[in-house]
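Both of the next two complexes hold chain A, though its partner changes from chain B to chain C.
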Partner chain A sequence: MPQNSAEALTAQRKTTSRRPAGTLYRGREGMWSWVLHRITGVAIFFFLLVHILDTALVRVSPEAYNAVISQYQTPIMGLGEVALVGAIVFHAFNGLRIIAIDFWNAKYQRVLFYVVIGLWVITMLAFTPRHLINVFSH
Partner chain B sequence: MTTTLAAPRSPYSRDPQRRGVNWEKWGWIYMRVSGIVLVVLIFGHLFVNLMVGEGVSALNFAFVAGKLANPFWQWWDVAMLWLALIHGGNGMRTLVNDYATTRVSRGILKSAILAAVVILIVLGTLVVFTFDACPAGQPADLLPTFCQAL
Partner chain C sequence: MSTPTLESPPAVPEEIQSFTVTLSVRRFNPETDEDPHWENYDVEMYATDRILDALHKIKWEQDGSLSFRRSCAHGICGSDAMRINGRNRLACKTLIKDLDITKPVTVEAIKGLPLEKDLIVDMEPFFESFREVQPFLMAQNTPKDGKERIQTVAQRERFDDTTKCILCAACTSSCPVFWTDGQYFGPAAIVNAHRFIFDSRDENAAVRLDILNDKEGVWRCRTTFNCTEACPRGIQVTQAIAEVKQAIMRGKP
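Up next is the complex of A and B:
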């Protein structure tokens, strides 16, 4: 364990400037993953507020719910859903990366960022064509 | 007023007067534990609603009513509601602490976040557990097919 943390510190120093060491979040991959985590988190939060309100319309009437949900099936919203799913998938995988570097080993944080990007690309390649066909063929 | 300064290079220690529950620590743990559960719940939610069958274009009252008539999906959605809103509210609280510069603005923004989270948790939970999949007097073609058997 002491050896591990010494290695982690060296890896952290490499990712930051020669001045204050000891943070993963100053510069390069560690910083950009942090920035993207914040931006996607805020976007998802505001969507969540709207999404609970629109789903609550099932308690009003079938017509009211169908009128609002049909707005989600338009081409523009269909593209918005690709952005939403992209934000959620990044936030999910990068969240797992954060857990891994907090509880397991911080020295892999940089390579894990590229693992997150890779898994994001694969997931979006699986989702986007199928979703856009559903949106644009109706 | 005099302030007592710790001797230089003395090791970091918590203020000994601050005893009791360390809420920031539990918030930190909550973000990670709820995050893992939310990955499963939300990926499942997105798969069933957007990938299976005709995806988003199949969504309507009958689809949602069919799901919410099942206790499995009721508890799935309620768990997602509570975990996601508290996770998101706590994340927004972190951003307010980082970026809002005055005490008053932080207080207003965090009160607004708390109000939104509490109101939506209450609303969403009530909707899921008081929901009627076959409301009386509605056109049959808007309802799930099992309503015809009633």
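Up next is the complex of A and C:
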């Protein structure tokens, strides 16, 4: 009998697709805006941490400070700045959206999400070309 | 007595189209399995059938060991909340015609509560939070010259939306905060607190607001709106939570 059930079990296993984990929860705009808000928030936190440390360096040694800051003038850092501004702009606009949800009305959250995306695109279109011209013309 | 027979068979209505639907069910037997695994079943279904009918067909005709909860089967008891195609739904309210059947339909247990077997989870942590918000009318006074506590239409309307809850846990188990932090009260408990906080007949709103003004209370809500989207009763859950947040800041409903 135990042998039988073991056989049945292997037969059953064969029909099984190997996807041990559950599926990803398919949330909508609200969930993904939260995911983006969290990712950009953590990224901004780490940027601020580094930023405070490098600014504090000026009190330790101005030469070291200058060396670090000159590293930031490279094109790679320029592209990084685009990502940083993108993260901050999204976090700021979406933060306003969350305030509106909590203090005003949750009914328009989906519309507001697309308003946030629209404002983000407009801001980035205004910022990115100007910034990249600065970065690459040096 | 002879059975009456028809001279000519009644006009056969045009045959209703049926479809072969593949259900991919996440199975788990705690006695033999270490981890849950996916298993596919093909069932013949009509467009008007529900996922619950498909599960019944599997259990009755293909594999009797499939376990799931269901009681009324008509969207009132709240027993058969499960994750269908990655979203929390009641199996008895999800029609085949509303799903994409060109791919297997995935069915798995709701997330964030301990998995017991197949589609059954331990609901106790969920009901624990529900009990904690004291979901019952509390009034010390005796109603004036009569038997009833009079309420205006507007006063009743104030909490109408949150009276619809059937405690199926679709909202609470769709909440990303609840998945990672089992201590969070969860949307369902807050909805049921809302129902009494904003009831003009109830006198203990302050107690419930105090319970929910906790680190694991309403402030854990990150407004992902998964709960509102998952609610089979169409309750505006996130809006209700926001109203409780505001009531806590005001100090009264």
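What we mean here is this: the second predicted complex is superposed on the first by the 111 of 138 C-alpha atoms of A that agree within 3 Å, B and C clash if a C-alpha of one lies under 4 Å from a C-alpha of the other, contacts with A are read in each partner's own complex, and residues count from 1 in each chain.
The rule is short, and it goes like this: a residue touches a chain if its C-beta (ideal position, glycine included) is under 8 Å from a C-beta of that chain, and two chains touch if they have at least 3 such contacts.
Since the structure is predicted, the reported quantities are computational estimates derived from the model, not experimental observations.
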- Item | Greater chain A contact set [chain C / chain B] | B
- Please indicate which partner A:V42 is in contact with in the superposed arrangement: first for chain B, second for chain C, both, or neither. first
- Message: With both complexes superposed on chain A, which partner does A:T55 reach: first (chain B), second (chain C), both or neither?
- Response: first
- Message: One more residue to check, A:D102. First (chain B), second (chain C), both or neither?
- Response: both
- Item | Interface residues of chain A shared between complexes with chain B and chain C | 98, 102-103
- Note on the structure: The chain A residues in contact with chain C across the complex are 5, 9, 12-13, 15-20, 22-31, 33-34, 98, 101-103, 105-107, 109-110
- Message: Using the touch definition from the top, list the residues of chain C that touch chain A in their complex.
- Response: 24, 26, 32, 35-40, 83, 85-87, 106, 108, 111, 174, 176, 222-226, 228-229, 236, 238-239, 242, 245-246
- Item | Partner chain A, residues of chain B touching it in the complex | 32, 35-36, 38-39, 42-43, 46, 50-51, 54-62, 64-65, 68, 81, 84-85, 88-89, 91-92, 95, 116, 120, 123-124, 126-127, 130-131, 135, 138-139, 142-143
- Message: Under the stated contact criterion, what part of chain A meets chain B in this complex?
- Response: 38, 41-42, 44-45, 48-49, 52-53, 55-56, 58-59, 61-63, 65-66, 69-70, 72-73, 78, 81, 85, 88, 92, 95-96, 98-99, 102-103, 127, 130-131, 134-135, 137-138
